[in-house]
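Reading through the structure tokens given below for one structure.
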Amino acid sequence: MYSFKNDYSEGAHPRILNALIESNLEQDDGYGEDKYTLKAIELLKQRINSNNIDIHFFSGGTQTNLTAISAFLRPHEAVISANTGHVLVHETGAIEATGHKVISVEVKDGKLKPNDVKGALAAHTDEHMVKPKLVYISNPTEIGSIYTKSELEKLSNFCRENKLILFMDGARLGSALSSEENDMTLEDLGGLTDAFYIGGTKNGALLGEALVICKESLKEDFRFHMKQKGALLAKGRLIGIQFLELFSDNLYFDLAKHANKMADLLRKNISSMGYEFLVHSPSNQSFPILPNSIIEKLQEKYAFYLWSKIDENNSSVRLVTSWATKEEAVMEFIEDLKKLT
Amino acid sequence: MYSFKNDYSEGAHPRILNALIESNLEQDDGYGEDKYTLKAIELLKQRINSNNIDIHFFSGGTQTNLTAISAFLRPHEAVISANTGHVLVHETGAIEATGHKVISVEVKDGKLKPNDVKGALAAHTDEHMVKPKLVYISNPTEIGSIYTKSELEKLSNFCRENKLILFMDGARLGSALSSEENDMTLEDLGGLTDAFYIGGTKNGALLGEALVICKESLKEDFRFHMKQKGALLAKGRLIGIQFLELFSDNLYFDLAKHANKMADLLRKNISSMGYEFLVHSPSNQSFPILPNSIIEKLQEKYAFYLWSKIDENNSSVRLVTSWATKEEAVMEFIEDLKKLT
Amino acid sequence: MYSFKNDYSEGAHPRILNALIESNLEQDDGYGEDKYTLKAIELLKQRINSNNIDIHFFSGGTQTNLTAISAFLRPHEAVISANTGHVLVHETGAIEATGHKVISVEVKDGKLKPNDVKGALAAHTDEHMVKPKLVYISNPTEIGSIYTKSELEKLSNFCRENKLILFMDGARLGSALSSEENDMTLEDLGGLTDAFYIGGTKNGALLGEALVICKESLKEDFRFHMKQKGALLAKGRLIGIQFLELFSDNLYFDLAKHANKMADLLRKNISSMGYEFLVHSPSNQSFPILPNSIIEKLQEKYAFYLWSKIDENNSSVRLVTSWATKEEAVMEFIEDLKKLT
Amino acid sequence: MYSFKNDYSEGAHPRILNALIESNLEQDDGYGEDKYTLKAIELLKQRINSNNIDIHFFSGGTQTNLTAISAFLRPHEAVISANTGHVLVHETGAIEATGHKVISVEVKDGKLKPNDVKGALAAHTDEHMVKPKLVYISNPTEIGSIYTKSELEKLSNFCRENKLILFMDGARLGSALSSEENDMTLEDLGGLTDAFYIGGTKNGALLGEALVICKESLKEDFRFHMKQKGALLAKGRLIGIQFLELFSDNLYFDLAKHANKMADLLRKNISSMGYEFLVHSPSNQSFPILPNSIIEKLQEKYAFYLWSKIDENNSSVRLVTSWATKEEAVMEFIEDLKKLT
């Protein structure tokens, strides 16, 4: 059974394990104050081309989201999210558990535009309602679409005009920035968002996300919030070493490119068989619409998620590729699908 | 500069890294539902000799404490802790951030006895005060002392009679259970506490703590709480594999025994030079009282924490040993101290 | 300017002020343990015809909702509410501030049916999402509709089968139970809900809501939660005395009947002029759809809320009547509308 | 049985009930936007002699404390309180329930001095501990002592130098400012604290506290926090009218003076019989130390709280007087005590 269920099915890229082994017996400080973590931070600052940013490492996406958002907001302030937003449904109320409402805005492609946010603002008029304050977006979105630079600029401008915090969930950021349709860099994100994170777990690390805080007023005392939420690892070096390895050369983006390439291969071939897709996704997640009978056959040999019902006879499925996905496995899947078609 | 600052200065025991490498490219399920995690759970159940327990893995102690305690308590219920308790002061209000007061009880040796808890109960008489509900203890305590079986039995009985939840923080549990003065087993803890955790981070793992929930009513829906607090790692196998390795034979206790042996060596020799200790600690933390002038000299070559001021000329320091502490380093420290004495 | 803006524009019914004056200089216990409050509780138990209920008094609806809901739920559990639910939008995230998500379900008439709740349950399948646990309904709803006994029975059965808590917000309960279309009693509510509250503020009291807890497991330690949320008034008698007066004879329902009668008068006459209504509301709130030009004219003389835009030229408005609404004012409004029509 | 248990045993001063009756049938806006509330705010601003303050009305002290403190602090920030502080023990963890630790500082007379706060700051050194941010004091304190202007100036200066928020709980502020030993005015408090509240419930109102926010940065969006905590009363006029009456002339201070006078009478006479007091309290609470045998006799005729055990044979009791305390009752108590002595 080969799995296209997600991009965290395997361990870590071998270079990462090597880096851990090499540094293993050196003594160093705890809680992210070791030399590896400090170097990783410097490296990321160079990549983002800014010294006016703070960088903190987390062990997972939900933890990053809940710690950042609860640190950034006052008690009456709320999050605006697309209806597909990970924080809205798939984090077990983690944001609400820190006291904040998440306002859902219905969109088709997973992406928030200024008008969507405007509508949410207009619906919250006085102190009998929460005050929308933070705009949460994901890039790529939870359904694989990505923001263009122009789209992000418009949203960023709107947020600044309306004193809203723009926060980008980058659980799969490598895949977005490595997409053939992408026209943004890490540096652009540093300029256009107030905070974003660079996901490692889903792009070759054992675990780890790097939160980048761009807006000055959001930086103060941030490590207090991390400790309070249980996010300061005693052996913080574990994440620092991994990011150091991922960004010491182009490894991070090479891994993401491979994941995207495998996804493109899937999409191109599935498309050429005449199948449609639920949504246009130029990143490492693909959502083809297939007949239920074929899906059942495929499931005997491949693991993947059934995504949504299209009609009586057809459903969309989610196929995720990663740095570890083997081209042979993709080709075999395509051949099997061809035989079934 | 050799460090006796803590037991998380190095990476992981080499066998653990090996185990990660061996399993690295296998595909498996996420969020702790992989085969390694499931095996580790089975193994721990055997060690604790019980099938009526639930086991969950966390990435750190603060996260374990805050997730467990907030899951176990209703909003008006409070924690009772010794004044040395880690949750009281050293977790940045993590428990309070989930809504619960931590009541401090002054004790000398870091250990709570039934009478201490009784006093806290007596001081909380009605609905104008919080309702004390969970007794938080650490074994070993934050100052290195350990509970005897008889002490824990008395406390456990008192808690059951008073409908209190007994929770044991085992960040350094290996060291406690491997102490020469210890007379308890994991099985005893399964019978005497309502929940406890087995610390991995401070005993040779890269990261990881195993929470054991013994009391039936505390088990329900526990994974919801983990996800909500950001504690469900996507690659949950990372912790499962480590605990599997630590408990597949006696590695966990062998590592702790080494740490204790190094601590005993320190204490025996320091004691024989005529120095006193702040507290009797038969585990891997030692608190000798030394002249300030000697402390300053030692700090040129060794890293360790200054613990507390004793008088104008003397202070106690904290020396922590671990699975990775080298006997030569200990002997060198002793020789250096002898020269300074 | 006569106001139809809401049902809390005036002070209290004169009999209530009299009752306060008569008892004013007697000494009594604080925090709701005075003889008036105890008598009021006994009286309400008689009206609900049950001794197996607990009754607690609050100073307002939001406070009642947030205290009850946070006391009833564990951290990972969520509320299901109609999209019109007061807790969803109009309480400034009060429920989320206690840590719980409110799940919105789109309905047309403000009322939740078993199928609506079923859909919400089906969408929450595992520990990556919150666990829906409490069904929040309002009677009358926020748009004036009321539940029939048969509707409530079906919902109640569904909740019990699915281990859901059924909670009824009764901010305007007097109006619902006094509606010509109502077929329920307080006793019915005691049997069909797990908790509900009887609103005083909007039916003639200065302030005060009576929370009735029917389900045994929800009663424990409830006063702790009240105190923690700032809901235990030092002079708790202030509310006890008012409920004693409201329920010592039929005053509570007489006041509600008057409010409904005034609303019926409005609706009958507005309807006879050919206007439609946004929603069928047999309680003290009415939502006629009027031409914008007429609305503007009416606003010169009457205060009321613009409710929603219907099309370019028409909007719905909200007219609220109360125990204090004068028939002459209603008739004058009708005459003025007739002239403008 | 005459009660000296507290200062909220009776209803309201008759003038307050009259004011409610006079305005009762007028229509006005809800949620504290009515003309009475607006006038009361203007009046208080004149009394405090400042236009740069915001004033909000609450229904009780715990509600005021929890709403203000949670609005003022970020999640990692904590409160410093004397060990006698009301928020520390007697509000059922209301502050912790909003996420914040309350740090206890041991003092003898209920009053915090700069050095006490300094000690708490020194004990909280980094992000592994909460960040002390708000200094909570009560005037009079919970044991009846009051701050002098010089003491408050020193504390205020210290707080400003250390970027700490100084918050004064004024549940019994009338009594403090009317004490013979007082040398402060409302205007002084406006200049020296960042926020304080003027208690109405314990000084003749049915209910009501007026929170005064002096520091600009604490004012923003405050009504959102009130609504979220259930503190915005629909009939907000209920409190506005009372404060308008209390401050339209000198009623507020006249009532407090009477309470103090009754307390002075008690203290002078009890003292002249040779009894000691637990603490020097120049306000409306007195803590005489009496033989247990005499206390028992007195309890047959008078209600009051046993405060603390002094030795085998003696205890301190708490006697509270109020605006409603009758001089004859005080004299009778004194006579009875004389007979027993």
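A, B, C and D label the chains in the order they appear, each numbered from 1.
Simple rule for what comes next: a residue touches a chain if its C-beta (ideal position, glycine included) is under 8 Å from a C-beta of that chain, and two chains touch if they have at least 3 such contacts.
In this text, all values refer to a predicted model and were calculated from it rather than measured experimentally.
Student: Which chain pair is joined by more contacting C-beta pairs, B-C or C-D?
Tutor: Answer to which pair has more contacts is C-D.
Student: If you average the Cα atoms per chain, which one ends up farthest from chain B?
Tutor: Farthest chain from chain B, going by C-alpha centroids: C.
Student: Between chain C and chain D, tell me the centre distance in angstrom, where each centre is the average of that chain's C-alpha atoms.
Tutor: One centre to the other, that is 34 Å.
Student: Which integer distance in Å separates the CA centroid of chain A from that of chain C?
Tutor: 43
Student: Report, in whole Å, the distance between the mean C-alpha point of chain B and the mean C-alpha point of chain C.
Tutor: Centre separation, chain B to chain C: 50 Å.
Student: Of all the residues in chain B, which ones touch at least 2 other chains?
Tutor: 75-76, 91-93, 97-99, 127-128, 130, 224, 227-228, 232 - these are the residues of chain B that touch more than one other chain.
Student: So in the complex, which bits of chain B are touching chain C?
Tutor: By the definition above, chain B touches chain C via 31, 70-71, 74-76, 98-99, 127-128, 130-131, 221, 223-228, 232.
Student: Mind pulling up the chain C residues that touch chain A in the complex?
Tutor: So the residues of chain C in touch with chain A come to 75-76, 78, 89-93, 96-102, 104, 127-130.
Student: Using the touch definition from the top, list the residues of chain D that touch chain C in their complex.
Tutor: For chain D paired with chain C, touching residues are 2-3, 5-6, 8-12, 14, 17, 20-21, 23-30, 59-67, 91-94, 97, 201-202, 206-207, 224, 227-235, 237-238, 324.
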